[in-house]
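Shared chain: chain A. Partners: chain B in the first complex, chain C in the second.
Entry: the complex of A and B
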């Protein structure tokens, strides 16, 4: 159906996306990029599914991971101290994959532009030789954990290789798999399918019900909360990064 | 068609459709008296906004991903019985999935732009995704049930065999498709991620080639969604006298004009309004529509003279 060369190239591309995405996910400093790399990795796996003629599973995988992962990334961003990774990649000296997957995240620092001593008081005595905070995610357990992960991966691959023999079937997979899957879900496995759907629906109802306060907060508290929300936040004092500016300049090329 | 010719044809169709939409939409909006162009905001080539703190990987990658998503969606649009880049057997599901890449791209570009407006757009677009996906799926299920196939060609053929456009038995489904389609293409009442108050979100942070690619992708998105509406509810390329592709183009433009016109009859909606509308009103309507379609199918409406039961498509 597809020429073998094209198939091999496609396999190479998808496998590279899957592996590089996984590596990027674990090494980049940006939480946002990390989630996107994980998504890219799963989409690479979806491409491998397409090569195996399992197109329905591939599309399900893409759909679940785009929508679900985007929402998950948003929640991660809301909880993170440094979701864009700008602080970590500006203040840390990165090496190897950590450097490559964090390229472009570091910010120009305004430190050098100011004359010495001007900010002496602001930093509470630290001055310009503010010690490089160790913001790295390095912990003592990192290296053993990496070795353990590599060993587990090697063991899995070894199990695959040592498996006595792979059954080779010459028949092509069913071209009309959506119909077959639909019939199975609505016929043989209907109870399980509908039951799972019902349980998930009940779970959603339960979550909504649990998070609703039984009584609304009293009025004074509400005013206080509203005032706290409307209040302008205090300026960040020891921010050494340039403020975000939208640079609206005339295009030089014209 | 070979894979190379199919790719060239897909790109050509998308370029033609996207450029047509890009040219047509501002004129339509002017005719409807709109002051808020949203994603159709004109590109000012003298201004070249460059965010000083952008994340280059996502900022420059996003418009390419958006264009990829729209090109992939064009693949399963039929312009004639054999005039389709690839007749995917799960075409409609494929269509819904690949259009999601545009949402992914706007989220990426918004975050990568790193200006207050574009990051706000990143949050708003994900909320919009959470609003429209389920009712859009429910709107599309109706024609799938009647045609008993996910393939776009089969859906058009089923409407031709039954001598019935699905808009007639499924008017609620069609209206549902128009509303959720407006949410999906970020046009008039639901243009929160591209609103003027956040400086057009991603578009305000992009100039140069990313700006051109963004506008082409967003115009192509409107074209593609309108074309899918024509396939699902208006009989696609089927029609007398004129050639198939011309019918398809006329119906696509008709759906597009109808969507834009309807969108300008109401005031702009915020994200919270849109979520409430989708989850409290559109999803129940969609479920009722599925029930209605099921009853109609049992009564034999929309079924061709040759029963399709048991015949593998």
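Entry: the complex of A and C
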């Protein structure tokens, strides 16, 4: 058992990583950075899992979320308009966490045609060379959403602090937790386990089905290929080999 | 110095939940909305593990729940990204505000 001071220090570090990562994910202008910040948040939560003595879940968290989902996210970002956030960080006025988490992004000047101050505070207004409303990363309800999220978080934390505490059991879980989890997965929660496996399979099928093109891609020589496949081959005329006759009785005798 | 209470973990989870909520509501791009959903699922997992550790450390069902939630999150992410790619192919846009077919 480690000392409570070390535990508190580790808790502070991991909680900071988790919360700052999530905050950076939502406030930075660069979507690529968002993915990396989300990864940091996952790592922080994995550290909290280890503090809570759930080693297997921490491992699973790192492997599934960071190994699987972050690769998917970073792949999807390649489809994005301005994933690096260079344009947005240039044209929007940033303050607070948005400024801090977007530090170091390219802030290009636009040909000296526009003085930089003209775009300050211009979130969704008129643009000369590009439609400005397409460049903003945020919806129009960004401010009410921020207020709502702040209120929700404050309400949850207030309820947590004011509420009488749960009946906490001062017992340490088994050190060999993967064995216990495996036994539970293969015994009591077999149906849930199999259902999750079936769900993954169906999810793969669904993703492939959604991605399948509705019409086959155009090929210029499709008709020729189809005719070549459908055509019956001409009979072989000058076959000098004797046709091999299989003697089945010999096999049966043997 | 007292050991870390349950409330500390729950507060971290509440903050993560609020950040995820803000991301879902305020972000315009489909990938960012999915990231917000992941953030909320993360908070849910942290809540479950914290409750397991502090109220029922002998029963490992809490960890099973978290495993199922991580699985659901992975499937949701894969399907969401597949649907997003389909919409991108049909619409050439990734902004969720432009997908208004189901609007009543």
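Throughout what follows, the second predicted complex is superposed on the first by the 165 of 254 C-alpha atoms of A that agree within 3 Å, B and C clash if a C-alpha of one lies under 4 Å from a C-alpha of the other, contacts with A are read in each partner's own complex, and residues count from 1 in each chain.
FYI, a residue touches a chain if its C-beta (ideal position, glycine included) is under 8 Å from a C-beta of that chain, and two chains touch if they have at least 3 such contacts.
These figures come from a predicted structure and were not determined experimentally.
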Exercise. Between chain B and chain C, which makes contact with more of the residues in chain A?
Worked result: C
For this session: Give one of first, second, both or neither to describe whether A:56 is in contact with chain B, with chain C, with both, or with none.
Result: both
Problem set entry | Contacts of A:20 with chain B and chain C, given as first, second, both or neither | neither
For this session: Tell me which partner A:33 touches in the superposition: chain B (first), chain C (second), both or neither.
Result: first
For this session: In the overlay, answer first, second, both or neither for which of chain B and chain C A:166 touches.
Result: second
For this session: Please work out whether A:141 is in contact with chain B alone, chain C alone, both, or neither, and reply first, second, both or neither.
Result: second
Seminar exercise, completed: chain A positions within both the chain B interface and the chain C interface are 56, 73
Seminar exercise, completed: chain C residues touching chain A in their complex are 1-12, 14-23, 25-29, 31-32, 34-36, 38-39, 42, 45-46, 49-58, 60-61, 63-64, 66-68, 70-75, 77-79, 81-86, 88, 94-95, 97
Exercise. Which positions of chain A touch chain C when the two form their complex?
Worked result: 4-5, 7-8, 11, 15, 18-19, 22-23, 25-26, 31, 34-35, 38, 41-42, 45, 48-49, 51-54, 56-57, 60-61, 64-65, 68-69, 72-73, 75-77, 79-81, 134, 136-139, 141-142, 144-146, 148-150, 152-153, 156-157, 160-161, 165-169, 171-174, 177, 180-181, 184-185, 188-189, 192, 196, 199-200, 203-204, 206-207, 210-211
Problem set entry | Complex interface listing, chain B residues touching chain A | 3, 45-53, 55-58, 88-90, 93-94, 96-98, 100-101, 103-104, 107-108, 111, 114-116, 123, 126, 129-130, 133, 150, 199, 204-205, 207-208, 312-313
Exercise. Which residues, counting only chain A, touch chain B once they are in their complex?
Worked result: 2, 6, 30, 32-33, 36, 39, 55-56, 59, 62-63, 66-67, 70-71, 73-74, 84, 86, 103-105, 107, 175-176, 178-179, 241-242, 244-251, 254
